[in-house]
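Shared between the two complexes below is subunit A, which pairs with subunit B and subunit C, respectively.
Entry: the complex of A and B
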């Protein structure tokens, strides 16, 4: 393999994984801005995007478009369930961080049901279009495309729709938004459904790369949170930059020092950046305590 | 017993209560020890394996309990440290990298490795929000498994390697059980020693009242470091024992389910308890043996259990079993301080040092909350700090206490400067304070809350405390009697054994004062101490504050109660818009034209 092909494959895989991490990061952020909760279910939504896609299209033989829409719908429902079961009951006592445990419990339940009812082995994901080969294979560019679509969609929503502006208002100042009469609870539910769609999209677009595998949930929960931590909570631009940086760093480290030390390197960078810049590289400082 | 205010002399109740409660607290542990000792005579070898497993899990959970249950840090990936310990002991004992080592060295190496990784994984907890720590432990768990799988030359990859083998008589099932039992007993003893000390109380304070913890000189970093070392070492030792029990280890043996089991054992048991998590661990280890048909659903059921506990019984078994705190308290209690006892609380005379602020400027965005503030608090003086809402009174307190860093200006006490944004150093400089909203540990007793105030006076190191060496006992004895005297001084000694969250608001204010007195502070900052008090209580509070200043403490009193201010202050500073509007004696202030128009009205 020549140098240029190696570089091309590192970049292709790096951008593809980076796009998936970025989308999971946006999933975290979307849930966070309306509830101030970071939910462990973010990675499970990504996992479900792959598993549901494979279930609907390969196992049940549905047409691509139908399978795609149903996958996103399914993930949106899981997002809403997250809000009702694991988030709303603990919102009153955010300072006790019970949400860490309640969303972890729900994430584990989702993962275990998938393991038992689907499979504990990675299963094939359908080839969606069969376009491109090598570094330009669709499994590499589909996640990047999905990421671009999601960013564009969110941008459009925030600029041109009332719901999008309401999200921004709630994200900026929860109390003020409520005082203005914004339906805070409905907006929160909507944001969890939206988060489900984004997470599902990440898993569906990354299905050919990561396969339909129950253990992707925990994996994505961690690697998808890294860009959020790097970019600052609630900061989507930071998550995108952080996601792509992580993807390329990981693939390069994979190639240069091997798989074991690549994951160790990611972990070390994660800890070091967190300690050096606790608010993330693009974040703002936290609220006052006294 | 202690609820019967006024019937029995309070001092007698206080002296007897701890001895009595210590015996009661030890009884369940004795019962567990007896059951564990009988087990080999009634059970078969299979029981030995299950019981050994429970004991091994407890070695890990005992350490993790201090992190999760006491300090409230959500370490969800602790199975990773079990894995590290198991592989370090197995690899060293098998000699497939270095020459084969004797078992004590293998276990010591595992403990050291576990302690180091315990701290590395814990680093985010020292500075960041809870979720970051949770996710970093999760990430560590993911990575350890990946490394164990991929590093075939050392770990044997997916094929695995044999666990360490013990010599006779520990190589039989019951022999190994006895060995693990000794380990579990040691784990219980050391973690109990830590929990019943200034370290244990500080952990809970960091969990439930972190701002107050800092004001009392507790540095989260310095406190959590030894705890992470301890927890990591215990987890790794448990890992070595686990590898022996399994006889052969592969990465598959260390599923994330185990982490959840450890975690739930602590939550079921209840935060801040040792007995509860011990029972929880035993229960969760044994339970799956009776529910074999459900084995594949066990993780799912654990997850459901976790959700149910979090949503329905956040207090766990310990709260359900806490009968003592369900007895009704006497209603209509009066707080009658005994200021005369103050000389017994102040173990040394407060340092005669003035606190001065010079030209403090602090702006939040465009708002100048403090705009060139000068202030001096002299020893033995009660100074009132008054002004309309938003004039900067509480901000001034927060600058003195180190929660805010001023953009300009300096603060000094005596000839030492006040380091900005280092609230945990204030107690050491002789500065104590109370808060506008009392910040106490609701789940601890009144006495324990007051003892927090004397944390920096403790002399026993972490190691001495863990091993219950003489200095730990002396620390505890002295702190306890000093705290008791502080409670008598503020008039709350009869409530010493009651959980703080059962008391009335006015009582909480006096507990905070008692806690602050433990320092024999050179400067005492009181943030609206009279808010919510009855007129009688306010006049008693006034007498108490005056007596505190008579002992040489300089008092800064932020208050809206004009009567109290004019009654007890020798000097009054009036703030408006972040600047000093007027300074002088109560008489001068009362007749100051601008003060009257801006603040006093009339």
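Entry: the complex of A and C
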């Protein structure tokens, strides 16, 4: 196996995982912009994308399209439940950061219920199209395609639709948007549903790579947070760059040092970047009124 | 004859006194059921072994009771689902000893739980049979009541090493494990034993079982010149990803190792059936098909006798056979010692030499409680499972 094949393998797996991390980062951001809450259910939505996809298509034998739509709907519902159960009750006391506890608790509940009802062992995810092999196998390019579609869709929504603009307005200034008559609560619910769809898409597109496994939730919550921190909270472009950088660097570290040392390498770089730019590479530091 | 109040009081006091001293106990004990506690992780993670053991246990209890019991005493099975949780296992053990007053305990079935429950059973001197692999669980000084009736991790290690060095005749091996406590310990022990036997361990690593792509690790093992890969992990996902990565590299190196490499789950996770070729997993002679596709006579006779009464689907045959053996061992101990007293049961187990069980020929003595014979631990072809038994791996007579 030559250097070119090694490089192809690093790039294929690196871009694939990077796209999944980026999508989970966008999931974090989508929930954050309308509520100012970092919801730790983001990774669980990714996990559910894989588990529900395998459930609907493999176990229940549904056609691919039906299984895909139902998976996204299921994740959207979980997103809405997150807003109602874990976010809305603590919005009045954001400065106490109670959302850390409430969203983490809900994330753990989702993970445990999945472990009990689904399986504690990784389960197969269906081969969606059977296209490509080696470094061009669909399991590597599907997450990248999903990421591109999600970015394009979000850009289009924000630029061309009223709802998208309303999202931006709420994200910019919550009080002003409400004063202008925007239905802030409904927009927040919609943003959590949208986050569910994006997280579910990440898990579904990455299902062939990560399998349908309950433990993917914690893994994605953890690594999906890195691009958010690197790219700046609420900044989707930063999350995308951060996600792909993380994926490529992680896979390269797997080749170079391997095993548990790869994770150490990833977090050393992460900490160094945050020391150099605490607001993230693409974030802007906001002045605090005193 | 007139009974005075004084005589009545004296007589009543005498009867009560005798009863309190246990004078009536033998008569009561002979009719009392034999209570066997069964600490089973029947739900939750790692429940597959206990579910298999349970099929054998329930079959054996029903068969023994249907045949009149043990010297007319019925066996009463007291099962507690520990869910693989050491805390729940400890609570269940204490309840079995203090409240249910069991005469012997079978289980728990995983080492994490056994590490917590074994000292408790030792203090109560409860005869205990278990199948857990961690070496430190057997210590005839600290735990004279605890008997292992399955191989220890050291015996598994021996079987894997012997297969690599003596049958496959490879000298350069890569030894890998997952990042769990078990994976780390087993990998370390295995590396030390290979080196002691003069083998060249060209690569060793702990691999994160959730890592989606195993190509980097496989590539490093290939570049290191490994002629066989020894894997210690209970993760079926990691196993399947390793096999898929091996296929994508076009490398036909054999995998040898932990029984999970042959789990039925792996079949659903590999990209194509051919990826599971040349994978050899720990198995036992009693549960191995020979070259003619036949099981050992003793095993086949039992299966013919059980004839459909035990469900062998989705489990391993050795789990079922062990479950049957445990009930038979405790039954024989009570029959031979004449009581359910713990001393008698422990003395009986300590006296066994090549006791012909279904799973294996057990030997215990007061100074050795590792009862399973090392020579009956063999390797099986991972992809050949049928009714929980495997074909012998190539190279065995």
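As a convention for this text, the second predicted complex is superposed on the first by the 287 of 290 C-alpha atoms of A that agree within 3 Å, B and C clash if a C-alpha of one lies under 4 Å from a C-alpha of the other, contacts with A are read in each partner's own complex, and residues count from 1 in each chain.
Convention: a residue touches a chain if its C-beta (ideal position, glycine included) is under 8 Å from a C-beta of that chain, and two chains touch if they have at least 3 such contacts.
Note that the structure is a prediction, hence the values are computed from the model and not measured.
The superposition on subunit A brings subunit B into a clash with subunit C. Contacts of A:161 after superposition: neither subunit B nor subunit C is touched.
In the superposition on chain A, A:112 contacts subunit B only, with no contact to subunit C. Contacts of A:254 after superposition on the shared chain: subunit C is touched, whereas subunit B is not.
Once the two complexes are laid over each other on the shared chain, residue contacts for A:6 go to subunit C alone; subunit B is not touched. Comparing subunit C and subunit B on the residues of subunit A they touch gives the larger count to B.
Contacts of A:263 after superposition on the shared chain: both subunit B and subunit C are touched. Of the two partner chains placed by the overlay, neither subunit B nor subunit C lies in contact with A:186. In the superposition on chain A, contact of A:219 is made with both subunit B and subunit C.
Applying the stated touch rule to the two superposed structures, the overlap between the subunit B and subunit C interfaces on subunit A comprises residues 116, 219, 258-260, 263.
If you check the complex, the residues on subunit C that touch subunit A are 44-46, 179, 205-208, 210-213, 215-217, 219-220, 222, 235-237, 240, 248-249, 265, 268-269.
Within the complex formed with subunit B, the subunit A residues making contact are 38, 85-86, 89-90, 96-98, 100-102, 104-106, 108-109, 112-113, 116, 218-219, 221-222, 225-226, 229, 258-260, 263-264, 266-267, 270-271, 274-275, 278, 286, 289-290. On the side of subunit A, the complex with subunit C involves touching residues 1, 6, 9, 13, 16-17, 115-116, 120-124, 134, 206, 209-211, 213, 215-216, 219, 251, 254-255, 258-260, 262-263.
Remark: subunit B residues 72, 74, 76, 120, 123-124, 127-132, 134-136, 138-140, 142-143, 146-147, 150-151, 210-211, 256, 260, 263, 267, 296-297, 299-300, 302-304, 306-307, 310-311, 314, 394, 398, 401, 403, 435 touch subunit A in the complex.
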